[in-house]
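Below, chain A partners chain B and then partners chain C, in two separate complexes.
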Partner chain A sequence: MRARPYLLLVPALAALAIFAAAFALFVTVSFSTATPGTVLTHGPATLANYRSVLASPLARDTAITTLRLAGLMTLLTALLGYPLAYVLARSPSRLLRRTVLFGLVVTFLSGGVTRAYAWLIILGNKGLINQTLVALGLSPVKLAYNETGVTIGVVHFLLPFFVLTLLAALKNIPLSLEEAARNLGASRWQVFIRVVLPLSIPGLVSAASLSFAGALSAFLFPELLGGGRVHMASNVIYETILTDFNLPRVAAMAALFLVLALAALALLGLLQRRSAHLWAGAGAKT
Partner chain B sequence: MNAPRSYSTPVAALAGLVMAFILLPVAFIALYAFNESGYLRLPPQGLTFHWFANFFAIARFRAALEASLIVSAVVAPACLLIAVPAALALARYRFPGRDAINALIMSPLVVPGVVIGISFLSLSARVGTGLGLVPIIVAMTCFAFPFAVRALAANLHGLDPRLEEAARNLGASRFNAFLFVTLPQLRPGLLAGGIFVFVEAIDNFSIAVFLTNARITTLPVESYSYIRDFDDPTVAAMAVLLMSLSAVLVFAIDRLVGLDRFLELK
Partner chain C sequence: MRRIFGWSRLAAVFATLVMVAASVAPASAQEKKITLLIWSSTWNGLIKPLAEQFTKDTGIAVDIEVEASSMEGLVKVQAMRGKPTADVWFTAQGVAERAASDPGLLAPMPVDKLSNWKDVILGGTSSTFAAAYYYPFGIVYRPDLVPGGKISSWEELWGPAFENKLALPAPSFFSGRMILVAAQMAGGGIDNVDPGIAKLKAIKKNVAFWFTSDPQARKALAQGEVSVMVTSSSTVKTLADQGVTVKMVSPKPAPIIFEGVTILKGGKEEMAAQFVNYVISQQWQKTITEVWNMGPVNKNVAPAGKFADVLPKDGDSVTFNETTINERLGGWTEKFNQAIGQ
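Up next, the complex of A and B:
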């Protein structure tokens, strides 16, 4: 029966239709004008919201901060996550692997608010680190309510995603390749740079794009750990809607943010396909 | 000959440090939840369940917990009901438009949560439902069901379709063959997808914050506003409860399908 797969897809397509309707409505709203004092909006279609958002220095500042911080967070996540994923993939101990996996998944499932709050207790002005510093007779450092705190929180949030994604790719690299290189006299470092790293590029890029997408849309961590001083896109949008309930203007901001995010992700997707293609010849088909 | 270890001791130590960094907040939140005073000092002073009692004593937290549990309990099965037939269609059939539909189904996953929140806020303002549980449930279902499709499709790709064909040849109806042969084999995917959606729904902040109001909130939104107003371990106690729940879930996953297998389906 030719129609069967389409029938099976009806519920999913219905859910997507609701999603698309909400989406279309929000784009329409971004071209309308707010009726003061209500949640309602009225026509005619106008580009005024986009013009005013694009003209505001805050929007430009926010776009740059968001991209810069997301890039930094992704880089740090990759630098910290790679060694852990590698040791996890190559450890001879089954117990160690299971224990670490258990810890990763529990952390992963433990929720965003929990973790943001935990970092607030640790990094806050009267937090654990600063209490310790003061007790040791040192001067306290500012770790929360700035970019440092937000970066620590988001990197911590992204690490389980990154490690679990990269782990799957690293496990697919045959150990025999590394052993052969070692037997032929290469040092561990040479094996890593010449064999493991090139073969893991597709997995690394896919784990990094996942992290970058997460960092771009970070909301809770900048909100709690940034203390209103770190302007990432999601926070600025949320704070704008809280301060003046101008839905059309906020919708225009969100639409521009979406375009920015999708463009950045499309670029990474391109990189991912290129790298997968490039290394496919080397036997690293993922 | 003993194969040389792939990594040197410094690399192993670095990995250990990173793991310690990952576990650090989880460990501290647990200490803080049982701490007598509002400030955490090391070593922790006193041992109390006061903050757990306080969490349940606050009416707003009780209401938020109830709302979050209702949302997750509706969203997780709803997503599975949508995802099972969709995954079957995508994994078992070749038909025109298959790749496009697959890409379309996965598209909600790349949209930032705040944008989804504003979209559904616009929708509920237009439809006139107002804010509250119904728009949250609808938004969370539309956003989260792709996770379940992905887990189930991965599961289906690993199955042998000949088993179902054999059942059909032996006279089972198409529906019975699915129900008694394929569905039992989908247990890992149902579990992985269901748990992922459940956690996503109970923990979601960025969509829910736009769809809640002063009367109806969910747990993440309520704890966020509590953290802003009060400085005591009540939210830490809540966090310990949620983390215990996720630890139990992980144990259950490991028992039922094995942790390695679960992670491959995510």
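Up next, the complex of A and C:
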């Protein structure tokens, strides 16, 4: 009888099994060899694809660019997202809270392609910003089809995920702690710096980890806003499969990028656990 | 809650699903319907009304699945190997050739049953491919936005007047033709594209973006974000329909590209062959050249006047070995990305 509730896990386990099988197949392919100019692959098992990817300057540069941009995007998302989450958690103004939430939900619900094209209208050579600059007698700036455009697009995409994750952590901080600090003479700024911020760091790291994972796997915005110049992992994998059609090599490339992403996320996970111990006490959970 | 998830209920639900599936499956197998794997712009701008006529004539309904590019189509075709959800695949000739290397993907063209096969121009067919049209790969531009209102050569695009004004195709688009054109201009060729990649690196300042999406680039040209797009002749028609005046020139070297149809192995080869025969028919080819501004592959159809205007001059056109491109495009792309990356 007790086993029955576990039946509810069956669909999830089945889905996981399918994902695992697909991944296993994908890794298996990475050890085969492509027949040049065709869609066929053959054995025997080899590490040549991994050696080829590791020796590729493009793959190396892509890994560096992806990690660098994902880090920058996460940092910018945190800088923009923290105040928004704080407003949502603590602002006494219902109107302000609702306005911020509405803005985030609209962002959340609008499709990625729509947002990318909207950013092109704003950031393009003849976009709103450049038209304004020209009208003011200034020179236009290149905001789209480069890393700037991609960063803006991805940060906008990540913001709701970050804010809503951090919001839960901020709401878990007892208001009484802030009130006690205020009663003991701390200014609002001191309360924030010495009470709220330290206690929110585990939540901040969780939200940042989620954002970092989203930035690492960004595809649409680099594709549409990168102008073919911004090489992030997903886009390079996609382009390589469309031009080289060497499935084993692409599989090896994707596997290596995945390992790199998992290593980066493991590092963030470690940071999250450390921060929980340091700032929120040994028993803290995020 | 326990009763809801009782074994008897689960078994009943499962049995119902099995019965429904069993009752639907034979009907599907009998269905007179084919599915095209096709680019959305080609479907909406050209094939949709023709397919309606095909359905009226033959009783075979036509459904579609969308591919973003020929190469993405190949990935899909390979993924559904043996049990394809599409029956006719629109693709570029070179990609069809690559797909044909896998004997499990494409059905041979039943030449004897295709009454219009004999009328297809030289180079437009293979054992698994029938061209639907051809086009020159050239320069589409806004005359109101370029100096003097006219472009005559590829070399002009390297001039300072075009700084941040060009939309050029990434190597995955048109199977690396941009690299090959630049290579020929710089004294290289299909066997040595390095001079071409260096030449493209020299144009970096002029390129607003390297596109992997036709609609994105067309939109940018329509909005004046860029004044030049290097692409196919169908863009002229598409933009004219939107009220945007553009011109096209196909200077030397002007690659000629065939795109067309293949039949996927999946049990509906006969119905798919009927569709292919319509594609290469005089009637459809006339529409293709007049409506879509592409070159007709049926010998009995003359290129429409507007299309003839954008064709390269005698001696300016060039074709490339698709097998060589298939073998080398990946390497070229990697070098290109290294050269032009930010």
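We take it that the second predicted complex is superposed on the first by the 266 of 286 C-alpha atoms of A that agree within 3 Å, B and C clash if a C-alpha of one lies under 4 Å from a C-alpha of the other, contacts with A are read in each partner's own complex, and residues count from 1 in each chain.
Please note the rule applied: a residue touches a chain if its C-beta (ideal position, glycine included) is under 8 Å from a C-beta of that chain, and two chains touch if they have at least 3 such contacts.
What you see is a predicted model; the values in this text were computed from it and never measured.
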Clash-or-fit label for the pair chain B, chain C on chain A: clash
Partner chain in contact with A:Val134 - chain B first, chain C second, else both or neither: neither
Chain B versus chain C as contact partner of A:Pro83, first or second or both or neither: first
First, second, both or neither for A:Lys126, with chain B first and chain C second: both
First, second, both or neither for A:Arg188, with chain B first and chain C second: first
Touching partner for A:Ala261 - first (chain B), second (chain C), both, neither: first
Contacts of A:Val29 with chain B and chain C, given as first, second, both or neither: first
Chain B versus chain C as contact partner of A:Leu224, first or second or both or neither: both
Partner chain in contact with A:Leu58 - chain B first, chain C second, else both or neither: second
Touching partner for A:Arg4 - first (chain B), second (chain C), both, neither: both
Touch count on chain A, higher of chain B and chain C: B
Against chain B, colliding segment of chain C, chosen among 75-83, 129-137, 255-263 or 327-335: 75-83
Overlapping contact positions on chain A, where the chain C interface meets the chain B interface: 4, 7-8, 39-40, 117, 120, 126, 223-224, 241
Residue ranges of chain B in contact with chain A within the complex: 3-8, 11-12, 14-15, 18-19, 21-26, 28-29, 32, 39-42, 81-83, 85-86, 88-90, 92-93, 95, 98, 101, 104-105, 107-108, 110-116, 118-123, 125-126, 138-139, 141-143, 145, 149, 195, 199, 202-203, 205-206, 209-210, 219-220, 223-224, 227, 235-236, 238-239, 242-243, 246-247, 249-250, 253-254, 259-260, 263-264, 266
Chain A - residues contacting chain C, complex: 1, 4, 7-8, 35-40, 56-58, 61, 65, 117, 120, 124-126, 142, 144-147, 223-224, 227-231, 236, 239-246
Residue ranges of chain C in contact with chain A within the complex: 2, 5, 69, 71-72, 74-75, 78, 98-99, 101-102, 105, 164, 170-172, 176, 207-213, 216, 219-220, 223-226, 323, 326-327, 329-334, 337-338, 340-342
Contact footprint of chain B on chain A as seen in their complex: 2, 4-13, 15-16, 18-19, 21-23, 25-26, 29, 39-40, 80-81, 83-84, 86-88, 90, 92, 98, 100-107, 109-115, 117-122, 126, 128, 131-132, 156, 159-160, 164, 167-168, 175, 178-179, 182, 188, 191, 213, 216-217, 219-220, 223-224, 233-234, 237-238, 241, 247, 250-251, 254-255, 257-258, 261-262, 265
